[in-house]
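Labels run A, B, C and D following the written order; every chain starts at residue 1.
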Amino acid sequence: MELVKDIITGVFFFIGSMSIIIGACGLIKLPDVFSRIHAAGMIDTGGTAFFLLGMIVQSGWSLITVKLVLIGVFIFFTSPVTSHVTANLAREKKLTPVGKKIGKVL
Amino acid sequence: MISELLINAFLVTVMLAIAIALLKTRTVIFTVILTSAYSLVAALMFITLDAVDVAFTEASVGAGISTILFLAAMAYLPKKEEENFSNQFLPALSCIILGAILIWCSYDLPEIGLISSPIHQHIVPDYILGSRNDIGIPNIVTSVLASYRGYDTFGETIVVFTAGVAVLVLLQNNKKNPKNTKSKINKIDKKVG
Amino acid sequence: MYLAALIACGISGILILVRIILGKTTFDRILAINSLGTIIVLGIALHGFYSGRPEFLDIAIVYALINFIGTIAVLKLFSTGSLGDIQK
Amino acid sequence: MISSAMGIWNYCIVFILMMIGLFLVIGRKNFLKKIVGLTIFQTSVFLLYITFGKITGATPPILNEALDTVYSNPLPHVLILTAIVVGVATTALGLSLVLRINSEYGSIEEDDISAQDLVEYHDEIETSKEFNTKFIK
């Protein structure tokens, strides 16, 4: 039983590590703010979700699980708010995305 | 055992990188953001050094309240720092010399994590046993803070109260005499010419 | 297992720090600071499990709260010009 | 060997951080930067204290059920807990002083303020000279 738990946690941690490293690389590599928001969202959703799932599998039914779920719920609600406000302000400050010229869509 | 020391060394190097970036920047908002990041990494370092309560306080006070105080003050201050490289040589030289002396002296300090170093010998075993037997609070830091060292905490409260009163007095006087520099300079110009 | 996850957190933290230091606009830096806060929350939780006493997750909760409040405060200062009610 | 090297590394970086904070305080002319330097200096001193209290392989000083656990030293934690709260009070006081200076002089650069003081001092001397000459005549 312990071995099964460890394997599940390892798989979750692997996926989480991959997503946070890919997100951090995206924060460096992508050209402007509007595309970097996607990379930051990858860290906030994929990374936290899989890491917290792995730790929940390890801890079982206890107070620790409640705290982990609280962290997960909080990040799940605050991350989209931060991304939205950042993108909105960047658009208000007349930052234009790199690449195709945006026509009358925005 | 070695991994704890490696984690500590990594985190303190990250803090050094943030501090060097702080030395180079000239924008005020970037300075404030970097200070917030510095406090965050410092609190993570406190956790790896087993100081849980200190990390709690540093996260809420150092990274939260300090940042918001800086931002609230920044709204009334100039947004750019002026560049003047005039008089930087003497402070830099004195800092380098003082730092070299401190690092040279640090070879006599005990190694990190040895249980036989003199700080762990004298009074702390009594506190740990007394917190378990006499006071009955599981958190040793709380029992030392509120019971063994209660007068220190009382003095700290007085200091914080004095600082709050001083801030109120300073900021209350702010609007009564709005003497501006430009009006002063205009007055001087009128007198001169 | 926990050590590997901590190393992944460290690597991504370094990459995010590069973006904070090099970032062109302020929004890049704010975004990267927010991501660094998330990484640090994960690192605290992982370090608790790694050292064998995972009861200190309260600090991670406080971190998440402080991170959100700090980011929103910087963005509000940037949009309206002040944090309080007085505006010249 | 590597553990002793790591110990010395930690102390060295803490002292370098301290010196960076001191340089920001005495080398830069901007008052806000000086307060930031004060904060950095404080945090590095906290790190030095907490580093002294660490024992390798110990747990945080919160009592366990087991009787033979080794705890880290709680005394530096108490001192630093007090120092952090006093530090934020100091920061608030410094920031309010900077705000007051800015409303009085219109600038927070040290050179600018000393130049304005010099102009004012010169002006006072001139007026006192005029006053003296009028009064004597």
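Simple rule for what comes next: a residue touches a chain if its C-beta (ideal position, glycine included) is under 8 Å from a C-beta of that chain, and two chains touch if they have at least 3 such contacts.
No experiment lies behind these values; they were computed from the predicted model shown.
Trainee: Tally the contacting C-beta pairs at the C-D interface and at the B-C interface, and name the larger one.
Mentor: Top pair by contacting C-beta pairs is B-C.
Trainee: Quick one: chain C and chain D, Cα centre-to-centre, how many Å?
Mentor: 24
Trainee: Just give me the whole-number Å value for how far the CA centre of chain B lies from that of chain C.
Mentor: Once rounded, the distance between the two centres reads 19 Å.
Trainee: Taking each chain's centre as the mean of its CA atoms, how far is chain A from chain C in angstrom?
Mentor: Distance between chain centres, rounded to whole Å: 12 Å.
Trainee: How many Å are there between the centre of chain A and the centre of chain B, using C-alpha atoms for each centre?
Mentor: Centre separation, chain A to chain B: 30 Å.
Trainee: Which positions in chain C touch two or more other chains at once?
Mentor: Within chain C, the residues that touch at least two other chains are 13, 30, 55-56, 58, 78.
Trainee: If you look at chain B, which of its residues touch at least two other chains?
Mentor: 32, 52, 74, 76
Trainee: Using the touch rule from the top of the page, what residues of chain A touch 2 or more other chains?
Mentor: none
Trainee: Taking all chains into account, which pairs touch?
Mentor: A-C, B-C, B-D, C-D
Trainee: Residue numbers of chain C touching chain B in their complex, please.
Mentor: So the residues of chain C touching chain B come out as 3, 6, 10, 13-14, 17, 20-21, 26, 29-30, 33, 36-37, 40, 43-44, 47, 56, 58-59, 62-63, 66-67, 69-70, 73-74, 77-78, 81-84.
Trainee: Tell me, which parts of chain A touch chain C in their complex?
Mentor: Of all residues in chain A, those touching chain C are 6, 9-10, 13, 16-17, 20-21, 23-25, 27-28, 33, 36-37, 40, 43-44, 47-48, 51-52, 54-55, 58-59, 63-64, 67-68, 70-71, 74-75, 78-79, 81-83, 85-86, 89-90, 92, 95.
Trainee: Touching chain B in the complex: which residues of chain D?
Mentor: On the chain D side, the touching residues are 2-4, 6-24, 26-30, 32-33, 36, 39-40, 43, 46-47, 50-63, 70-78, 80-82, 84-93, 95-100, 102-109, 111-112, 116, 119-120, 123.
Trainee: Considering the complex alone, what residue numbers of chain D touch chain C?
Mentor: Residue positions touching the partner: 59-60, 62.
Trainee: Quick check on the complex: what are the chain B residues that touch chain D?
Mentor: Residues of chain B touching chain D: 1-2, 4-6, 8-9, 12-13, 15-16, 19-20, 22-23, 28, 31-32, 35, 38-39, 42, 45-46, 49-54, 57-58, 61-62, 65-66, 69-70, 73-74, 76-78, 81-82, 84, 88, 91-92, 94-96, 98-99, 102-103, 106-107, 109, 111-115, 117, 119-120, 123-124, 127-128, 131-132, 138-141, 144-145, 149, 152-153, 156, 159-160, 163-164, 166-167, 170-171, 173-174, 178-182, 184, 188, 191.
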